[in-house]
Amino acid sequence: MSLLEVRDLKVSYTTRRGRIEALSGVSLALGEGEVVGVVGESGSGKSTLGQAILRLLPRYAHIEGGEVLFQGRNLLELEEDEMREIRGREIAMVFQDPYSSLNPVMRIIDHFSELYEEHGAGYTREEAAKLAGDILEKMGVPREKLLEYPHQMSGGQRQRVAIALGLALNPRLLIADEITTALDALVEAQIVDLLKEVRHTFKTSILFITHNMGLVAQLADKVTVMYAGKIVEFGNTRDVISSPLHPYTKALLASVPRIGGSKELQPIPGDPPDMRSPPPGCRFHPRCPLATEKCRSEEPPLKLKGDRLVACHYA
Amino acid sequence: MSHATMHKLLSLIDLKVYFPVKRTIGEVLSGRRRFLKAVDGVSFEIGKGEILALVGESGSGKTTVARTVVGLVKPTSGKVLYEGKDIFSLNGEELRRYRRRVQMVFQDPAVSLNPRLRVGVQVKYPLDVNNIGTPEERKERAFKALEAVGLTPPEEFYRRYPHQLSGGQRQRVAIARALVLEPELLIADEPISNIDVSARAQVLTLLKELRRRMGLSMLYITHDLSSAWAIADRVAVMYLGKIVEYGTVEQVFSEPLHPYTRALLGSVPSITPQQMLAVRVALKGEVPNALDLPPGCRLNPRCPFASEACRVSEPLLVDVGGGHLVACHLYSKG
Amino acid sequence: MRRPKTFGEWSLLTGGVLTGIVVVLAVFGQYLAQGNVTSSYIYVDSRPVEVPPLLPPLSQVKVGEETRVFYLGTDQLGRDVLGRLLAGARFVLAVALLSTLISGIVGTLLGLISGYTGGLLDRALSVTMDSLYSLPGLIIAIALAALLGTGLWNISMAIAVAYIPSYFRMVRGNVLSLKNMPFVEAARISGAGPLSITVRQILPNTFPSIASLLPITFADAIITEAGLSFLGLGIEPPTPDWGFDLNKGRQFFLAGYWWIGVFPGLAIVVSVLGFLLLGEGLNEILNPKRWEI
């Protein structure tokens, strides 16, 4: 049984300017100890997916269908207090902006104390400080930082603290939503190394959400490619990268410059669709070199091709 | 660093930009001043039709260099010369003419465009401000600029507001606005960091097209080495206000010499398992606070190759052959 | 038009309806009421007929063959209360409009200049405006009205001064946060001077906040004008004015002649409520909260 299974999840947003379909029937599976990358651009729905799993969507979002099975239980059917037990303890999340997880007026040690208290760990102050210090050091942050405030640390350190908080109660699943996007190149590389360590030591499964295929190549066993609220490809990272099947995946990989490679870039024509009225049929068809009449009218289902899932009529 | 055959458009000579920092009471009383040495002795040249990439992480000073070249920031010492003339000694009319020849594209198109004005009005604005041509001519030129960046039909985009466009489209509008005065030098400050991956290639390709068609020179600021590779002729790597390595893109990226350059190249998340670099250099820690610079070479606390010399004296840029310059004691003569 | 969903949309609708009624009555009211507004006589076949005072609402007066109905009664001098209400509306709204426009324009201009220029000028203006802002509007209006005297323009200006600081502070705040935005820097790089930048780049961004403040100022001005006339500092009689009539009606209220004061009072309340709701609704539309997409 998979640790996490998302089945046909549908999420929409109601905005002043109309209804936006953020996720139109998304399914994926994540096993124990696995790292799955979710790659997409703005409008793909990747962040919505992460938030929906933990039911952290804003109030103008609506889950319209589907299931989110965690260890067999459908998270969408749980009461809020049951969800609160899961958040932080079974499933943790780290965000792009560390200030989403860190309270600027609380010391780091207080963040841990609060976390332990909320989940009824029953530690004394000394115990909490020791455990918190241990996990900080595992994340490469000196124990002394426990007494500091978030603004006294660098961006990279803040993110490490956020990850430490996420791992403090040894969750089975860590959702990382664009956690390195706001960081400098060298720091980003350090965090990637850190996650590799985490995976090895803690055996935590990671759902790694990003727009950067290169990061996915470093970390993930499997990768899910999303476009306009749908999954277009899913498979082993190495396979997807070396032989992409979906035209979007191919185009995405080809459009990123590689040092030492060709300087002539191959941009993807057109622009991402307006999610208030996505294109009919295959959502990628306006930008796809292979588009036919069928693509314009019929939505391609996600089909199994070998050990790859692709949503394309011509893959 | 001069290329005898090329006509120098922009020359920076030992540019230093120091920002005074708020002082504590103790410092005020003792009369000490503290400075943030954002740019600490930077020199380079850009010729006509050339693209120079300025690469570095946050705190490297690359954005300050860009802002100084467009005149938003005044240098503490050193010179910025355009066609031989010091831009900070220009008077009103000459300065206005300079402004028309050097334009800038900012990082985040969501804030570099005025949210309450139509796209076309903003693209036309530089022409209005400089009183160029008749109103009809200005509108025509705005249409042409929109077409040049691929926003067709231009009449349609002219009428829209920025919030109705995607990130990539907005950035193209910002480029159109920068182009409408037909500048010779474009300063692009991280033009693709804030837009979608699929739009980045579009914008990069567009910029290269513009160089091909208009002979546009560019100062391309970025922290993303891969895009620097794709677009630039030469690259200068900056760390804490200084240039640590300089050369053509082929020289620096295939034979990186400075430990910082090597660390940067090694950190690029690549989809191919092996990077261009044989050995990845790992630096300890993070970029230090720019107010408390270490003595000697600024990288020494983090550098795995640091020696006594590194802790004592700052290395100067030396030419190791073919115009490839590096500032590191590993390569100093003697 | 779809059914209003949020509080703001309801406000806008209700406010719009109320203010619409008030404005229409003010503009066309003279054709509705054929009553005597400033004199105690009505003319029937060119002959003046005196109207009895203190008639309750819906009283009928037989004049010759006709019967005139005084829907809201007559006041202590036999004047038609309804007529005075409608005529008063025109005056009150005129004053409110004028003072709103004056304070809006002056406050915005000063805020723009002060915010963009900075330095000593900004400091001096800010301090002045802050001091003015700390005084209650009515006090300022009273002081100036006493100085300037009566008349439409003088009263409007006296009231306007009380609201200038609100616009000043708001626009100056906007300018301060906008003047370092990249799009302003881009304008500078194209060679634009301070005048072009403030007017063409920054000012359009302040329109939403100005627009949502205008109805509120309008409502406030109505009250201030009523307050002035209530205290006898407003327009001179016999020009009809709600505040003045409210004051006069106070004296007769206890004697049982409630309609003389209550109707002008109601008129004030309804107009002010209407404009405030309008302002509230406008604010929600023009300044959408951050966390909605």
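Chains here go by letter, A, B and C, matching the order in which they are written, and residues are numbered from 1 within each.
As a convention for this text, a residue touches a chain if its C-beta (ideal position, glycine included) is under 8 Å from a C-beta of that chain, and two chains touch if they have at least 3 such contacts.
By chain, UniProt protein names: A = Peptide ABC transporter ATPase.
Nothing here was measured: the structure is a model prediction, and the numbers come from that model.
Trainee: Determine which two chains are connected by the greatest number of contacting C-beta pairs.
Mentor: Top-ranked chain pair by contacting C-beta pairs: A-B.
Trainee: What is the chain whose Cα centre is as far as it gets from that of chain A?
Mentor: The most distant chain relative to chain A turns out to be C.
Trainee: Just curious, how far off is chain B from chain A if you go by their C-alpha centres, in Å?
Mentor: Centre separation, chain A to chain B: 32 Å.
Trainee: Using mean CA coordinates as chain centres, what's the chain B-chain C distance in Å?
Mentor: Going by mean C-alpha positions, chain B sits 54 Å from chain C.
Trainee: Once you find the CA centre of chain A and the CA centre of chain C, what distance in Å lies between them?
Mentor: About 54 Å, centre to centre.
Trainee: For chain B, which residues count as touching chain C in their complex?
Mentor: It is residues 70-72, 96, 99-100, 103-104, 106-108, 111-117, 122, 125-126, 128-130, 174, 177, 181 of chain B that touch chain C.
Trainee: Could you please specify the touching residues of chain B with respect to chain A in the complex?
Mentor: These residues of chain B touch chain A: 57-58, 166-169, 196-202, 204-205, 223-227, 229-231, 253-254, 263-273, 275-276, 283, 286-287.
Trainee: Inside the complex, what are the residues of chain C that reach chain B?
Mentor: Checking each residue of chain C against chain B gives 181-183, 185-193, 196, 200-201, 204-205, 207.
Trainee: Where on chain A is chain B touching in the complex?
Mentor: Its residues touching chain B are 41-42, 154, 156-157, 184-189, 192, 211-215, 217-218, 241, 251-253, 255-260, 263, 265-268, 271-272.
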